[in-house]
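Before anything else, here's the structure in question.
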């Protein structure tokens, strides 16, 4: 079940209340790489409240290829897509370094904006993006919030089901580091653990991070350590309500894509995250076996679908989406403090 | 993950292969009751390859109400919907007793047909429906086949992962019998266990049922036993490859909607079916707790979505859908043999 | 945890209440085969309230070998052991066909008796054993009752936690049929499923079995079918409170020793039985894997230990043990009705 | 299953090899508090290779009371017990501050020694105890090593099943802090997390801890923070093979006694630890529920039993036990470094 399932059941209005058909939101997608292509397929086939109007990429041939596969229009450039009347909303899945400029441009054109994480590379960029997008819907791609399990955990925490959070955990383990040479330094904090930081902030509502300790290493690809690539990291966050949180990441999970979280508090605990590919269990001479999910799209397909449905709903309702640019800025601040902690080998105060 | 997830990943065609956009299938839905309304919402919001053209019901006001909620057209009658040029395909979610006639009419109008289970009430009706629909796509609503776990189990079985099936199990436990007085006699076999019979036949490929034993009772609502309503049943199927299968059903599962299956064979076992509402586990003074799903739509939301996606794909490809009218006839034959077994308190040979 | 764990915690008496040391019960074991040797090792090393005084076997050399391994006395024959003053209580793990005579002899000598299941081969033998042992403690080896999970399930059922039982299940799957030629006909009912019948009777307190249907086959070793050996069986029990129970068995579980049970009732359900060898889960390229237990002694080591502790306690307290000869007779009656049902291919009334 | 189960199966010697009876080791227990009383009951009733010769306590009345309950001798003082010819081996479950002196005294009397953790309060004490006990068996009570799951995990790690360890985790959550005022400062590190440190060292063989970061707080009983009592702690260990380990503890687990561990490496992962009280699952209107264990004796009853069986075996075999005083010293060094890290709010190099 996705978080959207409840919505489906709840939505049908009562007799006499004519809600009318919802006109799909015409979305233009920028970025034809791995995650862009995945987003495009989801937008085109799984979200009936969205209509994929077209795609663009800094490399026009990449946009053309993806557009042809999906039978949609290829825009000549991101700027052309942003400027087009055929597009009401922009989904940004381009390179992270381009996010801030694209947000500013899209906001300038009055488009609603969905931007993949991280929203920006620096806090200055974050502030610029926030200022530019003050008057348009801006949602950031912290997709885990739309996973049924994570959403249920947050609901339990927010309604007091674990009491005051005291110990939290969030982890991300990726099945593989295809091309270590291409990964920028600090990626493990700003691209990967930023998901976990958002989760931990979301799971400890009304608390702020006051101190961060981080340690990291290149254990998977040690030959890239001198280039600054770190593939294994542990971080400890101290909140102003006394709670401590641990976020961990690795780029070498041989068993699949592993994302889990845990909130332990004064009245109980919730855990969330399951590596099982389905409810199937296979018993044989080697014991009891469950297939594990292999990638983010497989694990979070329903969550990706639900976050785009939320975006479409927010656009149509003219309201702020569930995950904001301010959320993105908070998570980035933690990630950057981790970078400083690794550099100085000291806890860093925020 | 749904069975559709793999499809999503697999689908993008290679470079140079322009697949083009798929024109959504214009579907008309007949039946505005509980499951009809659920199907309509799924067709309207979750399946981008389908366009819900409108709805009809034997009671026009019911159709109007549902149509208004979803912002689609209300046809004046099922016949009007079937005859309309705006409709390429018909989804039948009307009363079971009307299924056969609606199939015959829709096939006569050249429409592709998706019919909820049971396809018919008798084998004679089944033969009539099959004959009428010989030249149009006809899919029956055995939705469990589209659940990721059930599909994975079938794949393991079909590829030899459990060896020769020897002991099988399938069960359905429904959380509640809202209105026992309105349930026709033998419902537990022809409406509920028919799902399990299809599952068991599907999980034991190339084998035929040769004998059936069934026992049933009214334990939930004993006051309706005299009216023929049975709410608790156990059946044993003997296959021509020696395998035995047990199918069980009850209408009183206080803990939610429970659908599970198990295939034990000469080389191993698979089990499938999970009552968990999500990956959340909640720990407190009462121990470790997992919320359970409460209904078929909640448990099988992704499966329903996937079966309609399959239907749309089959219609566009002009091929036979994955679940056929012949499958429906086979499951019905087992259900009717169970009725005879209960009546005679003897094993019944097929 | 075993059922005995609670006992350990509960046992220490209050201040001033001198319970004194418990003199271990001097036990003689009859039967030096596989299960006898296992029982002897458990009695010698794991039950401090028992002292293994010696062993006997119909084949004296077998007794000598086992006795030497454990450093205990070898009696020259079962009769000599039964007659010895060094023995207060007899544990019978001999061939099933000898059980009745050994019970009669041991009871005649005034010994307390623990007898492996089945207590007897026929109801007449059962009555003879019961009459003979009227004045001595007589416990039968339904060890599952002492498993922590099964005991907890029974407690939940007995205290109303599932309401009125409506659908029950118990199954036994053994990892292998080492020597099919040596297995007597009907073994699957009188030796294997008799455990499940006891479980089902125990889990549906105050109800009696009124009808039995059984079907069985030789799917694992078809070449022995003509000799009457059946290795796969499904049985359905109908109780006088309307509940239906399914008991299943197979002799070919490639994945280990699998014993599970389920009680579904008007107010909920309990399931019990776990194939996991420990709490270890291993994640690797093939997914998530748990080692499974391979045999009855591995699965039920704590339960075997606890049943002998109960026996010693009952002997010292001079009270009836928790599992009686009458329990054994009830389970046997169901097993024999199953044999008749398979023979006649009809449900059999008890 | 306990780690002892495998031992039971493996132990019976082959034909002709007369192992003879093992004379139980006569053990004297020092310490009649909560854990001493529990150990005494286990030694008296569950370990057939041990004979509990008597008990002593710094408070003679406490010893008398416990001795009376178990029907064994009460020694007048620990010194009297240590000096007695009736005692071959001493189990020390006295106050931690007395451990070192008792070890020195028992070793001086030539007794074999089992000492609860921590073996000592300082590294100087540890060195003194090690020197004194150089010629007698000395085992320390890191009972988790004898839990079936932990033992299996260690076996997988040691045989390469996860590759090189990269990220480890161990946690202890205790259900309650009965009397916070009585808990010495730093208890969470030297008494509780010392178990986790031993586990982590054991799970990362051949590696040494080179740096430690710890953060801790009084979240459960903040009123005792000024007295130095910390009830919530997170620590990060960096090993010389690059692995990072997180150990966490809390004294307020409302859901029971929670001990888990995880080893993630270059080739896979193992997880271990289960809060389930048994294999029972209970389904009802509130969902699916599993009872959780409530205390260390309940969770580790089999492990405690197995560690005493190992001690008896080591004593009889005249060999070093499986958990040594050197292991205790290593874990203590980590705990003391954590204290320093909390005090200085800096990572501490070892």
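The first chain written gets the first letter, and so on, giving A, B, C and D; residue counts start at 1 in each chain.
Everything below uses one rule, namely that a residue touches a chain if its C-beta (ideal position, glycine included) is under 8 Å from a C-beta of that chain, and two chains touch if they have at least 3 such contacts.
Everything numeric in this text was worked out from a predicted model, so none of it was measured.
Peer 1: If every chain is reduced to the average of its C-alpha atoms, which one ends up farthest from chain C?
Peer 2: The most distant chain relative to chain C turns out to be A.
Peer 1: Among the listed pairs B-D, A-C or C-D, choose the one whose interface is a repeat of A-B, with over half of the contact pairs the same by residue number.
Peer 2: Most of the contact pairs in A-B are shared with C-D.
Peer 1: Between chain B and chain D, what's the gap in Å when you average each chain's C-alpha atoms?
Peer 2: 54
Peer 1: CA centre of chain C versus CA centre of chain D: separation in Å?
Peer 2: 35
Peer 1: Just give me the whole-number Å value for how far the CA centre of chain B lies from that of chain C.
Peer 2: Each chain reduced to its C-alpha mean, chain B and chain C end up 42 Å apart.
Peer 1: What positions in chain B touch 2 or more of the other chains?
Peer 2: 254-255, 258, 267-269, 277, 283-285, 291
Peer 1: Where on chain C does chain D make contact in their complex?
Peer 2: It is residues 1-2, 5, 8-9, 11-13, 15, 17-22, 37, 41-42, 44-49, 65, 68-72, 147-149, 151-153, 156, 161, 267-274, 277-285, 291, 293, 297-299, 301-302 of chain C that touch chain D.
Peer 1: So in the complex, the part of chain A that touches chain C is made up of which residues?
Peer 2: Residue list for chain A touching chain C: 254-256, 258, 275-277, 283-292.
Peer 1: Please output the residues of chain A touching chain D within their complex, sorted ascending.
Peer 2: 163-164, 166-167, 173, 211, 213, 215, 217, 219-220, 232, 234, 236, 238, 242-244, 246, 248, 250, 252-255, 258, 264, 266-269, 345-347
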